[in-house]
Amino acid sequence: MLINELIEIIEYFIVMLITAFAFAYFFGWLERKFVGKFQRRHGPTYLGKFGLLQNLADFFKLLTKEQVWPKKADKLLFLVSVFLIAGFTLYLVMLLPIYNFYIINSSIILLLIFIILSFLPILIALNGYSSSNKFAMISAQRSILLLISFEIPLFLVLIAIGYYVHSYSIVSIVNAQSNLWFLFIMPIGFFVFLMALLAEMERTPFDLREADSELIAGWLTDTGAPYYMLALFVDYIRSFFGAAIISLLFLGGWYGPFGNSFIWLFIKTIFVALFIMFIRAIAIRMRIDRILYFGWIVLLALSIINLYLVYLGY
Amino acid sequence: MIENIKKIGVALKILTNKRATVEYPENKEILPDNYRGMLRLDIDTCISCGACARICPNSTITMVDRDTDRGIKKYPEVNLERCFFCGLCEEVCPPKCLVLTKSYTEVVSFDRREFIKEPEELN
Amino acid sequence: MSLVKINIGPVHPSTHGLLRLVVTLDGDTIVNVEPHVGFLHRGVEKLAENRMYMQIPPFIEKCDYVAKTAMDEAYVATVEAAMGIEPNERAQYERVILLELQRIASHLLWLGAMLNDLGHFFSVFMWTFADRDKVLKLLEEATGQRMFYVNMRLGGLRQEFPKDFEYHVLDVLAYLEKRINEYESFIENSSLFKERMYKVGVLSRDDAINLGVSGPVLRASGVNFDVRKDKPYYVYKKLNFKPIVLYNGDNFSRYKVRILEIKESIRLIREAFKQMPDGNATGMPIKLINPAPKNKVVRVSREGPRGEIMFYLVADEQRPYRLAMRTPAFINLAALNHIAKGNKFANLFPIIGSLDLVMADVDK
Amino acid sequence: MIIDRKDLIDTISSFKKKGFSYLVKILGIDYIDYISVLYILRNLDSDEEIEIEVHLNQNDLWVPTIINIFKGADWYERELYEMFGIEIKGRKVRKLLLEKFSENIYPLRKSFKWGTK
C-alpha cells in the first residue's frame, strides 16, 4: 500500500517538475517576444523557429562560464541560501493541485504554501548579505522591507478566502468557485493579492530587489554565471507559481465553460502571466518609501475592508 | 487610479504598431545616394598632388610611391582604422578622383593590416 | 548612522556614458555626490590649436555626439564671424531646419533614457529610438552620413537639400506629432510617474542662476533665457520663436520643458519651410588655404539642445591660436551635487536623467 | 576691460550687484609672455555681456577664487588649475580630470609640446 502511494507521489513529482520547467522556459521566451512586440522590435528570432532555442542557448552559455568567488564573500552561506531558495520554490510548486491530481489535500495546505513563500525573502536577503557587495547589502535591506510590508495584507486576504470556504485546502477553494469566481466575490481581495504577489515575484513596479537601474543586479550582483542562471530559472518558476496560485484562488482553477479539465488551469495561468508581463512593460518602479506607504496603509486598509465585507456575508 | 487605466488603454493602442527593426543580414536598409561610405580611387586620373593627405584631420591618408610606366608616382593609401568618412578628402581633391561610394562593405577583419587599403585596392 | 560611500562606477546601467559618481549615503538619503569625469577627455581644445580651420569640425562634433549639428554649426559660425562671412538667406533657413531636426532627435533620445532610469524596462526607450531613427534618416538624406555630418561649410552647407526633402520632413513631423501626444498621455497618466517626478530634485531660480546652468534645466526653474531669443541669430526672429519657461524647477518641469520644446521645434521647421526663399545654400568648398581672418578675437554663443554652447576663438593666420568651448553638460553636471543633496538614493538617477548629460560634452 | 587681480573680487561682486548675475565662462589664454584669464558675465535681463580680463605673468600664477560669489565657478576654476597650473587662492582646489601621475603637466600652455604631426 505504501509503495503505490510512493509511486503516485513520484509520478506526480515528475509531471509537476516537467510542467514547471516547461512553463518557466516558455515564460522566459514569451516574455522576450511579447515585450519585444510591445517595444516594436522582434525579440529573439535567430535560434530555432521563432527564437525558441534562445533560452536553451543562454542556459548552456551561462553554464559554461567560470564561477568567480569575490574575496570577501561568505562562500558557505551563499551556497546554502542559493540551493535553499531553489529547493523551497520547487517544493512550493509540488504542493499545487491540478484537477484531481494532487499529493496532499489537507485543510491547511494554503497556509503552508504562504508560510514558505514568506520565508523566501529572508533567504534572498541572506544570499545578498553573503556576497558582501554594497549593492547586494542595500538590496538585502530592501528585500526584508518588502517582506514586512506585503505579508500582512496577503495573509488577511487568505483569511478572508478561508473564512468564506471554511477550509484552507486549495481543492475545496476551487470547488467553491464552481459557479462564481472569487474574483467577482471579492474584487478588492483580488487587487490586494495581485499587488502582494507582484512584490513577492519581484516584478515591476515592485522589483526593488533586482532594481537594475539603481542596484545593478541587486542581490545577484556578485553571483557567478551558473548560480545566476539558477537564480533566474528560480525566478521564472516563482512567476509560474504566482500565476498558478492567482488563477487557482481567484479565477476558479479548472472550472471552465465546457468541461472542467486542467487545460483551463493552464490557459488561465498563461493569461495571468501575460498580464504580469504587460505590467512589467508599462509600469515604472516605485520608490522604496512609496512602497512602504503603499503596503502598510493602502493594502492593509483594503484587505481589512475586504475581510469585513466577506464577514458580512457579502 | 483612473489615470492608470487610461495609461493601459494607450499602451494597448501602442501594441498595434508595426515593428521598427529590420533583420539585418537578410534585408538591409536603403541608403540615400549621397551616402559617404567606402573610398574609391581612380588611379589613372590621380595627379598625386597629396591634397587629400594634407587635408585629412586624422592624417589617415599617406602618400605611397608606386612605379608606373611614367616613373615613380605617389598615390594615397588609406588606413581605414582611423578614417571616420568625413568626406573632406573627397571635396579637396582637384581632379575629383577620390570619391566616397555608397557601399559600406562591412570593413571587418581579424587582421589589422587588412585595414590599410593600398591605392590599387581602393576601387 | 554611519555614512556609506557608494561608488557608482563608470560602467553602470543608468549613467549616461562614462561617469563615475562617489555617493556618500546616510541610510537612504544622499549626503554628497561627487562626479569623477575625464573618461572621454580627448583634449579637443589643444587639438584645435594644431589643425586648420576646416579640419576641426569632425572633432568638435564628437564633443557632443548627440547634438552634432549644433556643435558643428556653432563652430563654423565662429570661424565665419572671424572671417567676416555672412551666410545667405536660404542657407540660414536650411541651417535652422537642420538645427531644429537635431534638437528633436536629441530630445527623443533623452526621453527614452530618462524613462529607462525610472525603471521602465526599455519600453519608451525603444519607441523613442525608433522615432529618432526616422529623424536620423532625414538628416542622413540631407547630409550623407548617419552620425557625424561634417555638413557645415563657410557661408552655407556642404550641399543643397535633395529634391523632395521637404515632403519627407513634413510627413515625418506629422508622424512625430502624433507619437509625442501618445507618449505624453502614456507617460503622464501614471501615478507612479507623478510620484517620482513631482517636487524631486528642486532647483530654485536664483540657485540656477548662481550655479550657471543653462538650457532646459535653467528654463525649468523659471529663468526666461534662451540664446535663440535673447541673442537671436539667423532667422529665429522671423520665425517669431518664443522660449518655453516653467517655474517650479523640479524633475517634472525639466521633463515638460523638453517635451514642449519638441513641439516648438516641429512648428519652427514647418514655418521655416514656408518662408524659405529659393537660391543656393552651398557654402565655400574645402580648400587647403582658407581666407585670412579679419578680426582677432571672436565670441559666438548658440542654443544647443542641452544648453548654451559658446565658442571663444583667438584667430591666427591659418590655425586657431586658442579655441575655448563652453559646453552645457559640463556645468549641468557640476550642479548635480547641489540638486541631489538630501534626496533619496532612488531619486538620484531620475535627477541625472533629467539633466540630460552627455559625457563627451562634459569631458571635451 | 583689463583689471589687476588684487581688485578682481570686488569688481566681480560690484558687477553682480549691477545685475550681471550669470557667470558664462572662465577661460585662460596663454600669450607666451603672460597668461590672461577671462571672466565672462552676463546680465540676464538686458542680455549684455562683460569680459573681465586679468593678466598674470608667467612666474607667479595665482588667482583669487570667486566661489563664494558664483557657486558655478567651482568646476571652471578646477579646470583652470588643471589646464594652466594657475593656483586658486582661497579654496582647496583639486584637479578635475587626472588627479594622480599628472604633477606639473599643464596641457593648454603653449610650452606643452606633444607629438605634433
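Labels for the chains are A, B, C and D, by order of writing; each one numbers its residues from 1.
As a convention for this text, contacts are C-beta pairs under 8 Å (C-beta built on N, C-alpha and C of every residue); 3 or more make two chains touch, one makes a residue touch a chain.
Remember, predicted model here, so these are calculated numbers, not experimental data.
With centres defined by CA atoms alone, the chain at the far end from chain C is A. Here the CA centre of chain B is 42 Å from the CA centre of chain D.
Chain C and chain D have Cα centroids separated by 25 Å. Distance between chain centres (mean CA atoms), chain A to chain C: 44 Å.
Chain geometry summary: the mean Cα position of chain A and that of chain B are 51 Å apart. Taken residue by residue, chain C touches two or more other chains at 126-127, 130, 190, whereas all remaining positions touch fewer.
Shown for chain D are the residues that touch two or more other chains, namely 117.
Residue positions of chain B with contacts to 2 or more other chains are 7, 11, 14, 20-21.
Under the touch rule stated earlier, the contacting chain pairs are A-B, A-C, B-C, C-D. Touching chain B in their complex are the following residues of chain A: 37-38, 40-42, 45, 278, 281-282. Against chain B, in their complex, chain C makes its touches with residues 51-52, 54-59, 126-127, 130, 133, 140-141, 144-145, 148, 150, 158-159, 162, 182, 185-186, 188-191, 285-288. Chain contact summary for the complex, chain C toward chain D: residues 37-38, 41, 43, 45-46, 50, 206-207, 209-213, 223, 225, 230-231, 299, 301, 308, 310, 312, 314, 321-322, 324, 326, 330-331, 334-335, 338, 363. Per the touch definition, chain B reaches chain A in the complex via residues 7-8, 11, 14-15, 17-21, 23.
Every residue of chain A that touches chain C in the complex is listed here, in rising order: 35, 38-41, 134-135, 138, 204-205, 207, 211-214, 216, 280-290.
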